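In the two complexes below, chain A is the common chain; its partner is chain B in one and chain C in the other.
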Partner chain A sequence: MKSIKVLKLDQIHQSIKMDELTMSIIRKNILRILKKLFLYTFIVCMSYILLYPVLFLISNAFRAKEDLFDPSVIWIPKHITLANFEYANLLLSYPTAIKNTLIMLIPSVIIQTFICMMVGYGFARFRFPEREILFGILLFTIIVPIQTIIVPLYVKFRYFDFLYLGRLIGLITGKPLTVNLLDTPWPFYILNLFGMGIRSSLYIFVFRQFFRNMPTELEEAAKIDGCGPFSTFIRIMVPNATGAIITVMLFTIVWHWNDYYVSTMFNNENLPVSVMLTILNTRMSMLQAAQGFSSDDIYLLGSTVLEAGCLMVMLPLIIMYIIGQRYFTESIERTGIVG
Partner chain B sequence: MRSRKFKNKVVATLVIFSLLLSLFLVANNNIQKAEASSKLGDILFLRPDFSENNLKGTDRGSKVMALAVKEYQERYGGKVKFVFADYNGWRTKLLAMAAAGTPVDVISVWETDIPSFYTRGLIQPVDNYVNLKAPYFDQNAMENFKYKGRHYAVVGKGASVPWGVIYNKDLMLEEGIDESEMPYELFKRGRWNWDTFEKLAKKLTADTNKDGKVDRYGVTFWNGMVLAYFNGTPFVGIDKNGNVKLNFDSGALQRALNFYRKGVKEGWLTTDWNIVSSGMKKRQTAMLVAPYYKFDQDRRDCDDEILFAPQPFGPDNKNKYYHFVLGIAWAIGKGCKNPAGAGKFIEIMHEADQKVPQDPAPPLPKEVTEAVNVMAKKPFYFYAADSYLLTVIPRWEILGAIESADSVAAGLASLRPRAEKAIKETFYGTGTKPIIREFKPFAVNFDDGKIDKIKAYDPNKKTVKFTLVSGKEAIKGKSLKVTWDASKDGNEIYILTDPSKIKVYGWHDYKVSFDIKVMKNIKPGSTKVVCSILSEPKVGATSYGSVSKNIDRGQTVYRVEGNITNIQDNSENMCLRIGVQNGGDFIIDNIKVEELK
Partner chain C sequence: MKKFSLNKLNMNRVIGRKKLSLREREAMYGRLFILPWLIGLVVFFIVPFIDSVYYTFQKLSFGDNGLEFTYIGLENYIYAFTKDPDYIKNLTSSITNMLYEVPIVIVFSIFVAYLLKDEFKGRTYARTIFFFPVIIASGVVITVLKENVLGSGSNMVGSATTIFRAENLRAVMINAGIPRWFSMYVVDIVNKIFDLTWRSGVQILLILAALHNIPKSFYEVAIIEGATEWEKFWKITFPMISPTVYVAIIYSIIDYFTDYGNQVMRMVVTQANNGRFEYSSTLAIVYFVVVMIIILIVNRIIGKRVVYLS
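Right, the complex of A and B next:
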């Protein structure tokens, strides 16, 4: 009788243990599902917030005039058209504007990346008495908005005198020889050459952090092999800095591409695509002559053409990002940059 | 050894690079070609968001500009060069170009810019370059942009827009309001004031669906602040010399804001933007106080008959000024290379505006045309100074403070510190705020036998004596003779005008003249008569300007004339200082100071 009772208790204990195990597995599964659910909900919400403007642009850019006041058309147009892109192409003078942008952008990106890399390496690896002060000044330039120095810069480039050579010539000719660099891409190149380009200080900071994390043994080995500082930088450090270079290059391209403030200040002609986009609306009346539209048509088309123009301006950057996405995310991991 | 070689290479590369770059730049040089001129010459033109490409546009504005550019080139042989800037950065570009010594010739301006451009010295008077009497210019409007008697902006006829009361005639008739009691008729009979306005608004305020809430307002304001303007006072005042002051203590302003507060509290007045934008069409408001272009839009959108009446004057608007906003005006950049060309181009633009046909529009009712014409006789641009306040304190915040505070005075008091700071910074930057006082020209010839307007500059020079001389010794009639003991007080003596008797102020440009005869100790080449303006009558005071003349012969009357300009000083004790350097006793007469034209 007694033994039977004991057996029952054991069974009960075992069954309880089993139940606990099952419950714990179920609990874990539920938790995992909930976690995933939360994660996906979060990602979907965030994607919606981030993608909403792009989806809105796409929806409107392909929308024909007939769909503009059709209340049944919300996201997907009933009449899909490419005409808006055609008009935007005309108003933006797209090929010329892209050409102007590239003339300004390509040398700027190359110069800025190389110069920032060199300066960043200097700050990371060379010890000199003024290093911390100079670096402090460099950080200070990050917070100084371009608007505060744009007037002196304008004057500088209006009467540009490289290394005061113009004044030297002036001693002979009696009149200083200065050059008007406005309406040329040279202000961008020169600013980048001297580490004063668009957000140069930020890139120097990025490179400094990157080079600081690289093992010093590489340079020591190079030194033993007879490399000087510059040679070490070019032969050893640069090939190892691909990640940081790609990151900085991408940022440089995006910021130069989107810049319109500096471009507006330094240019009256040869306007880049970002500036052309800002004045697209004021040029809408050109469509009247080119397409024979009435004033009402122009008014109606205003937003769709602008959105098509925005997509056209964004498109090269999107393509570039799609191609370079892998390198970009990898390099962000390596350099420790977020955002 | 190797590192030295490398260094040499780097240095050599840098030098070669810099030389090549310089050569490239020189070869590429486009040095000051922009200023090349022929006949009247090229001009620089700046209008935000307007570039040469806009000339291809087919809207009326683009056609006018294209025609003007073509005509300028044909008539005067010069080109119009467009300076590109967007609305965000155009003022900075204007400043940058002025700083670079290439100020823009023709600048588009708005009432919000003109006073500050004037006080900051960015624009110059247009009187000498534009025929302001031309029929296509709005003389009344231009009077608003006149400082120290000179015009600083050119306004074309129709370039500014009045504010008024847009009202729904059909709705009023339905509500049993007789036509004679409607805004325009009241205006015609001289009964259009705040009392009749309030009465009408109250009568038309209604809860049409009987849910206990007002769903039709008597009057809606695009901007409640305009009630102050209807009462003849802005929040920030500018006088004829360009001085700016906060009007928060003004009784007229407080009465206007009390009227606004009363309307809001009693529920017959609203500033709800949804009602402003579509309330006339939806019959949510019977009257709408807004700029004229809103009337133009509403009359096309609404099924009811919509009319436009002038602003009802408040009790303090004694001068009967109407509130206007400037569509666009034109100014000439100070120090620009081609002001004459700029003036001609401004004229040509307005001539072109007459030539290009107007866009078709539905005909205007007679009473609306009459109302606009009446208002155009006395325009006033109240936003001119207020906009600077509004850039720092938005209008809803101002009106919110007025509505929520215990009283209008308390509401204004809560805004005052920020408002004062805003005005100081936006108008005068962080520099000296100019206090511009009225200057009266003066002449001192001592013929009345008094020398009390003149005193010695340095009280430590005790031997300096003033005597009145006449006859042959005098320059003309009676003159002042200044003598001193050179062995004690040296060979440099100055006299001053007494600031308590003769007033000279900063921020004016002066033409100074006087006759002087040095009696002794002449050293040809080094004896000199000098004149300047001092911030106060004491040794070491700040000196402004310098008019001087070398004296080679004694006992000879010299006429000294010159200009003293750029006196950035607010002192009330300024005086004229005249003296002799490296010379002896002198006789002086006919001291004259007048405003430089």
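Right, the complex of A and C next:
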């Protein structure tokens, strides 16, 4: 009798315990589901906001003339056409423009990433009296946009002499030796080589933050093994900074690709693709001659051709991003770019 | 090859002539590392900048021998501050806008980065979407888009686009008895959501990377000690990502001020395109003195609170 009672009490006790346990599990589950629900709603909403412009572009770029004023066409056009892309290809001189962009972009990206990494390392790991002041100046150079100094820079590259050597020669021969670097990609290469390219200061800042948070043990070990500062940098720091390098490189590619202000100033011919896009509207009359369109047609086509052009300019970046993004996000995860 | 020659140089210095102290040697190498930037700074920044400042005291005209200068003293500055109808107005409004837009961008980026940090189904997709603005937001495409496509022909780059305007919200809020200034403020932010999300791609990226860099052991200790999620965030996560948040704040401020859509920047560019380089330089230089002061203040306030592990 007694033992049965005890057993019952025990059972009751256990069942209460079970109840509490199940309750807490249920509560946790509900919380988790709510969290998930919130997460996915948020992501869907954000996706709509962020993808809207591209979806809009795609929807419009494939539209034929008939669909432009058809109120029943909202997203999916009834008459799908590739004509807009053909016209945009003609107006942008797409292959040449892409070639011009790449000639400017590839060396610039490599030079810029390396130089910024080096300077960032210098700021992060060496102490010297004037470092703080120079770093303050670096911050200042980030916020002074190129517009402030573009006119003097234009003059500088029109009559370029390396480190005033040309002018020194000029003092002797009476005729300064200068080179006209406009309409070549050299202004970009030179600016990047001296850490003054598009947003170079920002990348220096990013690399400095990154190196500052790397453990010092690696360098100490290298020093003990007899590495000088430069070989330590090349052999130890660079391989360890892969994540930061990839991220900065992605940014440098994007910003060089998208730049149009500097390119417009330094180039009159050999225009890169971004500049071609800005003048696409003014070149619409080319279509008139080539296709025999009336000016009304041109007016109608104006926006769809521009939208097709936008897509074509973005396309290489988007492809690069889709291919590279997995590697890119993984590398962030592995090493982190900024501590 | 390079390593050898440099080491030799170093050895000569050490043995041959004066023996450099460790500190002096470190300083020398530091200067060598930043040398390219230093040359660039002088040749491609300071000299052109001084030229630009010189322009502000001149009147430029296109004569027979190219540009011609006439000294006019402070005329340009006086014009900017007393006669230009837009400059002071645009300057103050862009500073006040910055004061609330940057915190929103930062909080939003931390929030999104925190969401994207943990593993869940479709995370790769979500990340691809969230970093997408980084690729096109910086460039000519978005300007063209805003001017010709989304903004229905209005030239207000940087203003809210028509799809995400909340005109009715203001009326609802005012009718509900909410103070007018507050509802204006909320509506303003809602109108800018599109713009702000497009601007936080880089910041999300930076903060996400920092989140992944926090050692897991910190959290393990915290769980053993019985810390709640809230405590974990404020006592571990936030201090650990503070250097990056600091970078993100500076970046956002700069990005806001140098954006092509910023009203003052637009004035600067328009004046330069109209050939009034001297006035354009004047506006730009006054502007960047102001921005520099703001950055220094922010640096003073935040810089000290940043936690560096090493």
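Note that in this section the second predicted complex is superposed on the first by the 292 of 339 C-alpha atoms of A that agree within 3 Å, B and C clash if a C-alpha of one lies under 4 Å from a C-alpha of the other, contacts with A are read in each partner's own complex, and residues count from 1 in each chain.
Keep this in mind: a contact is a pair of C-beta atoms (placed from the backbone, for glycine too) under 8 Å apart; a residue touches a chain by one contact, two chains touch by 3 or more.
Owing to the predicted nature of the structure, the values given are computational and were not obtained by experimental measurement.
Colleague: Report clash or fit for the pair chain B and chain C bound to chain A in the combined superposed model.
Modeller: In the arrangement built by aligning on chain A, the partners chain C and chain B clash.
Colleague: In the three-chain superposition, say which chain, chain B or chain C, touches more residues of chain A.
Modeller: Of the two chains, more chain A residues are contacted by C.
Colleague: Taking the superposition on A as described, I'd like to know which of chain B and chain C A:147 touches: first, second, both or neither.
Modeller: A:147 contacts both chain B and chain C.
Colleague: By the touch definition at the top of the document, which applies to A:50: first (chain B), second (chain C), both, or neither?
Modeller: So A:50 only meets chain C here.
Colleague: Tell me the contact category for A:204 with respect to chain B and chain C: first, second, both or neither.
Modeller: Only chain C is touched by A:204; chain B is not.
Colleague: Which partner does A:279 reach: the first (chain B), the second (chain C), both, or neither?
Modeller: first
Colleague: Once the structures are superposed on A, label A:181 by its partner contacts, choosing first (chain B), second (chain C), both or neither.
Modeller: In the superposition, A:181 contacts chain B only.
Colleague: Let me test your reading of the model: by the given contact rule, A:159 touches which partner, first (chain B), second (chain C), both or neither?
Modeller: The answer is first: A:159 touches chain B but not chain C.
Colleague: On the A-aligned overlay, A:93 touches which partner chain: chain B = first, chain C = second, or both, or neither?
Modeller: After superposing on A, A:93 lies in contact with chain B but is clear of chain C.
Colleague: Where along chain B is the clash with chain C: 257-265, 293-301, 365-373 or 419-427?
Modeller: Only one listed stretch clashes with chain C, namely 419-427.
Colleague: Where on chain A do the contacts from chain B and from chain C line up?
Modeller: Of chain A, residues 147, 150-152, 155, 163, 228, 230-231, 260, 275, 278 contact chain B in one complex and chain C in the other.
Colleague: Hey, which residues of chain A end up touching chain B in the complex?
Modeller: Residue list for chain A touching chain B: 93, 147, 150-152, 154-155, 158-160, 162-163, 165-166, 177-181, 183-184, 186, 226, 228, 230-231, 260-261, 264-265, 267-269, 271, 275, 278-279, 282-283, 285-286, 288-289, 295.
Colleague: Spell out the residues on chain A that touch chain C in their complex, using ranges where they run on.
Modeller: That would be residues 36, 39-40, 42-43, 46-47, 49-54, 56-57, 60, 115, 118-119, 121-123, 125-129, 131, 134, 137-145, 147-153, 155-156, 163, 190-191, 193-196, 200, 202, 204-206, 209, 212-216, 227-231, 233-234, 243, 247, 250-251, 254-255, 257-260, 274-275, 277-278, 303, 306-307, 310, 313-314, 317-318, 321-322, 325-326, 329, 332-333, 335-339 of chain A.
Colleague: Using the touch definition up top, name the residues of chain C that touch chain A in the complex.
Modeller: It is residues 2-3, 6-7, 10, 23, 26-34, 36-41, 43-45, 47-49, 51-52, 55, 112, 115, 120, 122, 124, 126-136, 138-142, 144-145, 148-150, 163-164, 193-194, 197-198, 202, 205-206, 208-210, 212-213, 243-244, 247, 250-251, 254, 257-258, 265, 268-269, 272, 277, 280-281, 284-285, 288, 291-292, 295, 299, 308-310 of chain C that touch chain A.
Colleague: Which of the residues in chain B end up touching chain A in this complex?
Modeller: By the definition above, chain B touches chain A via 2-3, 6, 10, 18-19, 21-22, 25-26, 28-34, 49-54, 56-59, 62, 81-86, 88-89, 92-93, 95-97, 99-102, 359.
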